[in-house]
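Two complexes follow with chain A in common, the first pairing it with chain B and the second with chain C.
Take a look at the complex of A and B:
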């Protein structure tokens, strides 16, 4: 794949603008508290990018992306919690050295499956692999049986509900409804300081771009075109000799991997992980971020996550009861009025206007064959 | 015995909730033969193609293609074995360009990672160009398939099959809904591409059938009514009775 196949000029411009926004405009314009808040919004963008591939390109609507966001986040939280639960820090517990919520729930030793999370290397692998394995199991079970469309969406939603109930029910092992809280250091580095929050924001930004580059690569590969083909004519793809289920499983797992990374960055920046980020409501919200941004556009997904969350923070402070209605209304409005979201508005309205304006000034400035170089 | 035929369909049966859409059907296709299946609406013609290509699962019987039992295989495996299928309504990828439609049908990079790292090399481009010329769409290569006319979409789908280079090509009413001019062009196209391969065609246009058929199979209510040359079936009183009319 040559460079121009990978990204055309317009897309490159979009990437550059987003990079300027994330790495320059926001850090310069905001104080640490607000920047950290935007860092949190951007962790949802990881999920929205995955949804743009699964749902926008491939037509696979998952209402359970919170599962993968949560699994990634919990893996990270387990590591941080173990580091925070040194015997000195927990000396007042009846069993020092285990996480506080385990002690409260009369556990006297660390469960075996928590043990590997002492290792940062294992944790980083688990942040990606646990969601991927989970997505593979769901995807394999559903897609090889040709479950799709609404049925798939409902089943993923059910999984999100089941996982939430499981986490809340197994309080001694998971921290229950409170989640895993009071996280302090990463390899001895205090993540609660302003400096750490600033650094984590940039780490998050870099990871987001890494994910964007992978997503762009997939979108521009033959697999990206196959996804669109599957969305339009699944049977035809099958009779062109493709095993459609494998492709769906792959893209679903990729979306899960993205979501897992987002979840881990959420835990690091916000300092806790809880079942409220796993269940049905957050999963649907994530779909709305993607829809508002424009489900066909990976960059739009990032803006969607940013803007909807900004609106959520702003409005829910003032009108906490009305916010959910507002969010629902927004979703309906987007679907009815501009189905391609912000990205659609941009390419249908703003871009033609810019081109027109540019042409006018060009003509005024330099009449003659002074055209921009062709692609 | 089996080597004489590229495709052997024996005792093929499918029943939908007790209704037998195809009932104990047997027929054999020889290499390079053009077999046309005719019959009144609801005779089970399309269902027979669906059964051969794996879209519908049979309740009984066997379908052997070059010694392989197709009934045990998945759709994509059947395609890789060398069976191509064109649907009745043109099914092309409307959101993709003509070029991309053909590219996806090119028989390479069919695994997940093969598709991620698939390269459009010169051989691929040349082949697509060649097919585009055959199906009269050279000027439309960069156009979205959604903007093609009905006839052009049918040609595009035929092109998508050609690029797979199947040994057995199955076409479901390839000239239905076409204008007279398009129909003539399509007949010419089909006559060219049915050389060097076996073809099964479903068609109602008897003039067209007489033009291309090696042999004709007549179906009625899921059963074989008559089989033989065009002359033979046209003069078969049973066929005249149920299908051709007096």
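Take a look at the complex of A and C:
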């Protein structure tokens, strides 16, 4: 695949603009607190990109992406919690050296499955692999049985609910409804300082672009074209000899991996993880980010996540008693005015305008027989 | 129930009613010190860049006003606003009017953390009145410790915490539990207890303390059962059957939120009438606010162990209830946590004026030992562990949704967030 196949001029322009926004405009324009907030919004963008592939390209609507975001986040939180729970820090507990919530729940030793999370290497692997394995199990069970569409969406939603109940119910092992809180250092590096927050923001941005490049590669590859074919005419693809289920499983797992990375970055930047990020509501919110951005566009997904969360923060700061109405109004407005989301707005309104302006200047520069008729 | 908060919030109150309420309290309870801002130059009272000007000081209010917790937290917001208005009516703190920035935690713990940070970093608030659930407090705690903010936390909770950046104006678990158990043992001759609760840290820790107390400190008493149900659970028939089988003297219930409605209705339907006191129902999780949802007739006759009931007949409380109703409407009820939230701004004022400064480190140092004789619950005092010395009271639920106070401890109960022998 040559570079021009991989990314045409227009798409390159989109990537460059986003890079400028994330790496230059936002850091220069915002103080650390706001920048950290944007870092948090961008972690949702990882999920939205995955959804743009699964749903926009592949037609697989998952209402359970919070599962994978949460699993990635919890893996990271477990590592950080173990690091924060040194025997010195936890000397007031009945059993020093284990996370505080285990002590409250009368656990006297660290459960076996927590042990590997002492290792950063294992944790980083787990951040990606745990969501992927989980997605594979769900995907394998569903897609090989040709469960799709609404039924698949409902089942993923059920999984999100089940996982939330499981986490809340097993509070001795998971921190329950409080989640895993009070995370402090990563390999001795204090993640709560302003400097760390700035660095994490850029790490987050770089990872986001890595994910975007992978997503772009998938879209432009044969796989990407097959996905769109499957979305539009699944049976024809199947009759052409392709194993539809395998492609679906793959893209679903890829989306899960993206979400897991996003979850881990969320934990690092926000400093805790809780079941409120796993359940049905956040999962649906993530679909909304993707829809507002334009579900066909991976860049749109990033902007969608940014815009919706920014609106959420701004409305709730300005109108603490009415902000939900404002947010609802925004969704309705976007869906009514731009059915293809922000990406639709861009390709239908902004791009033609740019081209027109460009043409005009070109024409103006080169007067001659080709001169366009007066407008 | 949901319209209660909304209509009253939007009604607000007339300026006159507010001043009248404030003045009434000022007259008898809070003798204004008449401090003038000019005597306390801003450069001296604020050396850490807080939002303090020559005539105002800004604090934060951080509760859920949307989402599932809104119904519980609305009362706290109302109480805090009332206290702030009253303090302003008598001249503010160090001659400075209190202004507040209100943020919505939206019943979502990450949002709480985000908003807490916003209040401390962006708005530079001098203190925050806020949080309700333990989960939200746990989420904001690292933020307050990192940016050295100061939080007044109103809810009775499980203890096991003593942050230098938090004043806990509600009771920690031992303050709410031990006196009530002793009382049912002595007054009602109860010997056997069935513990049950919602499944999260507060009920579990509370029941752990209750069990230790029953087994180790109460002669001949024992726990005959202990069960937990997920938040929002509505099927209590199986546990009710077990209760009928075990025939305990006391059902010790720490069921929270909406589950209470199902629990008390099913209890009554199964022939266990709380009014009959056989077995007796004792709870630490149902305030007047919750009774509005449960329905007074379903719970009448059961006992609750709290530090405050709306029906307290002391003068402080009569005026507090009157001012509260003037500000927020006649049909409002005031629960234990609402009263504790009301103490927050007053305790802050007292500490700031004792310290002569808004700086958090100085306020923290001044806060310990502060006495508030004017509290609606009666005299309270701040312990060096940042909790309050408070009395514990037992109330008997009435069909009209109020509690009749049947017992109160003779002395203030010392807060003990890390109780020895109960771990």
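Definition applied: the second predicted complex is superposed on the first by the 347 of 375 C-alpha atoms of A that agree within 3 Å, B and C clash if a C-alpha of one lies under 4 Å from a C-alpha of the other, contacts with A are read in each partner's own complex, and residues count from 1 in each chain.
FYI, contacts are C-beta pairs under 8 Å (C-beta built on N, C-alpha and C of every residue); 3 or more make two chains touch, one makes a residue touch a chain.
The model shown is predicted, which means the values in this text are computed figures rather than measured ones.
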What is the contact status of A:233 with respect to chain B (first) and chain C (second): first, second, both, or neither?
first
Contacts of A:321 with chain B and chain C, given as first, second, both or neither
second
Touching A:347 in the superposition: chain B (first), chain C (second), both, neither?
neither
Just checking: does A:181 make contact with chain B only, chain C only, both, or neither of them? Give me first, second, both or neither.
second
Chain A residues in contact: does chain B have more, or chain C?
C
Touching partner for A:101 - first (chain B), second (chain C), both, neither:
second
Between chain B (first) and chain C (second), which does A:218 come into contact with in this model arrangement: first, second, both, or neither?
first
Go through the superposed model and pick first if A:247 touches only chain B, second if only chain C, both, or neither.
first
Overlap of the chain B and chain C footprints on chain A, residue-wise?
none
Within the complex, which stretch of chain C touches chain A?
9, 65-66, 102-104, 106, 108-111, 113-115, 117-118, 121-122, 134-135, 138-139, 141-142, 146, 158, 160, 199-201, 204-205, 208, 230-231, 418, 423
Which of the residues in chain B come into contact with chain A in the complex?
53, 55, 74-76, 79-80, 84-85, 87, 91-96, 100-101, 103-105, 107, 109-112, 115-120, 157, 160, 164
Inside the complex, what are the residues of chain A that reach chain C?
31-33, 36-37, 40, 92, 94, 101, 104-106, 165, 168-169, 171, 176-179, 181-184, 192, 270-272, 274, 276-277, 313, 316-317, 320-321, 323-324
Give the list of chain A residues in touch with chain B in this complex.
1, 5, 217-218, 221-223, 225-226, 228-229, 231-233, 235-244, 246-247, 250
